[in-house]
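Read through the structure below, which is laid out as structure tokens, and then see the notes.
Should a chain be cited, it is by its letter among A, B, C and D, assigned in written order, with residues numbered from 1 in that chain.
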Amino acid sequence: MAGSSIGKIFTVTTWGESHGPALGAVVEGCPAGLPLSPEDFTPFMERRRPNGGRFSTKRVEADLVEILSGVYEGVTTGAPILLLIRSTDQHSSDYDETARLYRPGHADYTFDAKYGIRDPRGGGRSSARETAARVAAGAIAAKILRALGISFDTQVAAIGGISASDPEKQAACVDAARKEGDSVGSEVICRISGVPAGIGDPVFDKLDARLAQAVFSIGAVKALDIGAGREASKMRGSDHNDPLRMADGIVTKTSNHAGGILGGISDGSPILLHVYFKPTPSISKPQETVTKDGENIDLSIRGRHDPVIAPRAAVVVEAMCAVTLLDAMLVNMSAKMTSVIDFYK
Amino acid sequence: MAGSSIGKIFTVTTWGESHGPALGAVVEGCPAGLPLSPEDFTPFMERRRPNGGRFSTKRVEADLVEILSGVYEGVTTGAPILLLIRSTDQHSSDYDETARLYRPGHADYTFDAKYGIRDPRGGGRSSARETAARVAAGAIAAKILRALGISFDTQVAAIGGISASDPEKQAACVDAARKEGDSVGSEVICRISGVPAGIGDPVFDKLDARLAQAVFSIGAVKALDIGAGREASKMRGSDHNDPLRMADGIVTKTSNHAGGILGGISDGSPILLHVYFKPTPSISKPQETVTKDGENIDLSIRGRHDPVIAPRAAVVVEAMCAVTLLDAMLVNMSAKMTSVIDFYK
Amino acid sequence: MAGSSIGKIFTVTTWGESHGPALGAVVEGCPAGLPLSPEDFTPFMERRRPNGGRFSTKRVEADLVEILSGVYEGVTTGAPILLLIRSTDQHSSDYDETARLYRPGHADYTFDAKYGIRDPRGGGRSSARETAARVAAGAIAAKILRALGISFDTQVAAIGGISASDPEKQAACVDAARKEGDSVGSEVICRISGVPAGIGDPVFDKLDARLAQAVFSIGAVKALDIGAGREASKMRGSDHNDPLRMADGIVTKTSNHAGGILGGISDGSPILLHVYFKPTPSISKPQETVTKDGENIDLSIRGRHDPVIAPRAAVVVEAMCAVTLLDAMLVNMSAKMTSVIDFYK
Amino acid sequence: MAGSSIGKIFTVTTWGESHGPALGAVVEGCPAGLPLSPEDFTPFMERRRPNGGRFSTKRVEADLVEILSGVYEGVTTGAPILLLIRSTDQHSSDYDETARLYRPGHADYTFDAKYGIRDPRGGGRSSARETAARVAAGAIAAKILRALGISFDTQVAAIGGISASDPEKQAACVDAARKEGDSVGSEVICRISGVPAGIGDPVFDKLDARLAQAVFSIGAVKALDIGAGREASKMRGSDHNDPLRMADGIVTKTSNHAGGILGGISDGSPILLHVYFKPTPSISKPQETVTKDGENIDLSIRGRHDPVIAPRAAVVVEAMCAVTLLDAMLVNMSAKMTSVIDFYK
């Protein structure tokens, strides 16, 4: 399976370039019988749109998701669901310059190294715009997970190293960067509640391992903590181990340094991820770079770019976690002989 | 593909439990014509064995790897390579207690939740011993990568938060923990040199995403940084972006905050990972836990356990990175029409 | 990977229902640098269209294939290629009757059994119309194979058991069936020339095994012969074995009962498949069947349907073989260490 | 996934060469809680062993299957099951001749073409002996299917084109061939009863398509019929379509030309396959062939070889069908939202 697909049973394949006529996703393996309409995507797409606030550039409408297949009379049929998002902005003439040079912090050089060719319009395939398709697919996964009692709380945790508890300082940090034609790094926290114990696989497909792939597949992610994360590397075992106690007849943990996953399998506690983003690579401040022809130049990237990634990327993290968790839950249904026999009797 | 396999072309499937008669791996998709003998595994297995030093318990022989298939007259044939490591220690009687309770920080409870059954002997399938099979498979991948000019430098970077530049303080930290029946967290740094630009895929199979899955699939890993990692989230774009310059006719970067990967594809700079391990969960210090029958108890884990994970896990990180990188390189061979035509003309 | 995808490196995922707004395919893993334009699809789509001749119903335009992604300035970029074919005919009101009953020889009942829901418009997902997307994807594969010196000769071999050498009798057979509101079975022969020796894998992914899956995934296929096929089961070994002889310094076979594949790997001779189709299941002659509500009824299917499948399905067989063979050839590029080292030096 | 693995959830990977120290399989994704002991393999291995009767050469013991992992106290744990079959016969010196030439009808030449190297001992990886591992894995699948009410009836249907209803004539046919140092083709029929309606996927992973791959992956298979098979291509639609009728409140078919599968999904009728084998390629009658050095020679293959394949291959067909069907049934468990919600409530 080529690199634009993820998942084993609930699989998502994204397609499309930033400035092509449209982009989207094919969602395979969605269980039949789920009510699904274009409105289901709205709250997710809304969280991803530029809202003209302090942390994004211009105010635009949220992307509209069209369903071209897999839904009949408002209900999924089990067939592949083709999600299509039309482009409203295709001014490819702006990208003549990008075509002839390599932007620092972007994939321009590496695409040319791999493929010998690159669609330079708006970043082409490696544009952040590709994540719109992920968010649309994630909306489907999240709807199913909600029906199973699973909910997400995903927030911007820090901007430029400044915690969300100090929003004024965060805003000042972004304003200062923007004024200098610069950008800042950021952090997202995602907490998944209601996941039953027993989800995930023991070895290479540990639930945390698959979440790690899903999260690191988002451009600009540079680090991930699960549970106590990096701090765990400085702790004592007696502090880090989460004690187990019975509570109302159920096995519970009195702390959650594990972040809800032990040995790659969910333990019933909330799953906790911290995701760290690099600063937006597109900055107007001059940078040293090279052209395709091997000339050293100074580059100042024109156009408006978000000065910080997390505010719009939080929903992308949530979408990737939803897709990954749902897939693990569908795979899990055949883990026990008793389940298989119950299903087929 | 069930959860014990990883890779698309060069695939590794591990099998076996800690205290079963043997464990090992099947390596599929290894190119034919590679000289391979049991001695090739020795330096890798040696790095994983307990050496009786300050950071591991008892001194034992390194695991011996037998090749049962896929090699003829000392050369790989392209057929699956079955690697077998016999167990020397099968005292399953020691594990009666483990069978009836859930050790904090271990997968005992989650295995029971998922499967309704668990092999309690030495941690069964989720034992660190499973990584012996990974290291054996990684030795094959690393040998091929060496032939392609790629080398690894993998080190313990910190123990209990103390940097490797202060070995005396590290040792004291471990000694103190051990004396108290406790353990400490740790950190590994892995640096991969010689990777050509162009390896990896743009979307879900980004090279960093697949390395993340590979690394988080090692039990006890709680965090990962690629390149600048978490620090990137506190930086300005103008500091974080790696400037490009021509050097001897080649595109080079004058810094490497990206950690050798841009847009999921290698950029020709060294790939840099920091991997963070939790403290060893098996400690003799008393802990609160529960039995399978739902009784609250205090547990003091008997037997000798390494007080810190990184020293023996460093080679596991290297093995997982080698397996993942090699697979991406084999997949990459058909990325361009010119390569396909050259190959078949 | 859910059931609408095929292939490991060159992967094709089809989506869409017969009477939805559009259907199509995502082609992943297409090598970058292939010139590709909508015109490349025309000859393939033309072979699949109803041409109003003796063997199909009404004359209509060939389907138009739009490329929504993966191509920049007329050349593939290595990104997923989204192929879209808009529907021109969406009279879903015709399908009220189909919705409430199960047509014999169709997937109506089995879809309801599996999914509990079904898109009844024109056969929905299991319509022969889905193969339009396969043909479009196959056109890409075939273009690459042509560049590698590989060509296809795919023909209708028999209709109603009558060989293509007797076209008049074939026509009479079809006319007679049509007049009675009936249909007839048919056979396609596909011969692939120019395949180099060495393509395919030894065990489960034998080239013939993967071709078999590809061919049997076409609705209405009931049998397949590779090489001598069923006749081989009646032969002596001394007759069936293809003798090897040197010819101009090359190993050649003086017969080809193997059909170009030995041990799952191509031997350099033409690959030969005979594919057998059942009669078109949609017939106007009355048939016994049941409704969804469990009532026995007599059904006479209205509307025009091709009385025989092979004439329009031949190009579908060719498309599936092209997709499968190309994928095997891309996978094959890393089979030898010498190839890997040559590629990366 | 390389070519020695098959399946999505219940996956089987075979390893080992004919004359290596051992061969076997790794079975991943087996549900936990299945009682499994070495005795479970005996009846299957017994059916595959040479029994010294008219259709096989020498009488030998059935292969002994050892379980090295994945079973604890006689019950599967959900972990990979390593099955090991030790070789009793490793006289590799016999194979010096095979190493230097290409046997007609064998994979010798194609292996060399693909890999540039080949294990010549007893056919190495492409030996029929590899199927012992498949049969062992199939025994596990079949045991699970039995618990779900599914049974197999697999028989030799014909030898040298002579039907099983005439055993005397069959025996004479084999005797005549053997006397002349020759071999004959054969046919197996496999009938699977008790499969519920709704198993399989609509497009590329049609149940018949996956069975076709599974069956054609057995060396020497040259043709496959599903249901009416090749005869369907000569029939009228009104004869071929299976009428549907209600019987005791259940949808039933009054004939089964479809062979139990409609649109790739099981319809509740028995699944019916006819599998056609070429004659054993190893014959002592002289044949024309070439050496690796490009010399034309005459070859008379020494040693004892079964003169006909079906008698020992019938159980291999059954094993491959069992593995494939079980995998499709496990995948199927998440097809409906109602099933997913029921499972997790």
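Simple rule for what comes next: a residue touches a chain if its C-beta (ideal position, glycine included) is under 8 Å from a C-beta of that chain, and two chains touch if they have at least 3 such contacts.
Since the structure is predicted, the reported quantities are computational estimates derived from the model, not experimental observations.
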- Note on the structure: Counting C-beta pairs in contact for A-D and for B-D, the higher total belongs to B-D
- Could you work out which chain's C-alpha centre is the most distant one from the centre of chain A? D
- Note on the structure: chain C and chain D have mean C-alpha positions lying a whole-number Å distance apart equal to 25
- Note on the structure: Per the C-alpha means, the centres of chain A and chain D lie apart by a whole-Å value of 43
- Message: Could you work out how far the Cα centre of chain B sits from that of chain D, in whole Å?
- Response: 37
- Query: Which residues does chain C have that touch at least 2 chains other than itself?
  - Reply: 1-5, 8-9, 14, 29, 32-33, 76, 78-79, 114-116, 125, 196, 202, 335-336, 338
- The residues of chain D that touch chain A in their complex are 8-9, 29, 31-34, 76, 78-79, 144, 147-149, 196, 202, 329-331, 333-341, 343-344
- Along chain D, where are the residues that touch chain C in the complex? 1-6, 8, 12, 14, 102, 104-107, 109-111, 113-116, 125-126, 130, 158, 160-161, 177, 180, 182-187, 196-206, 208-217, 219, 221-230, 232-238, 240-246, 249, 251, 254, 257-259, 261-268, 276-283, 285, 287-290, 294-296, 332, 335-336, 338
- Which of the residues in chain B end up touching chain D in this complex? 1-5, 7-11, 13-17, 20-24, 26, 28-29, 32-33, 68-70, 72, 75, 77-82, 114-119, 121, 124-125
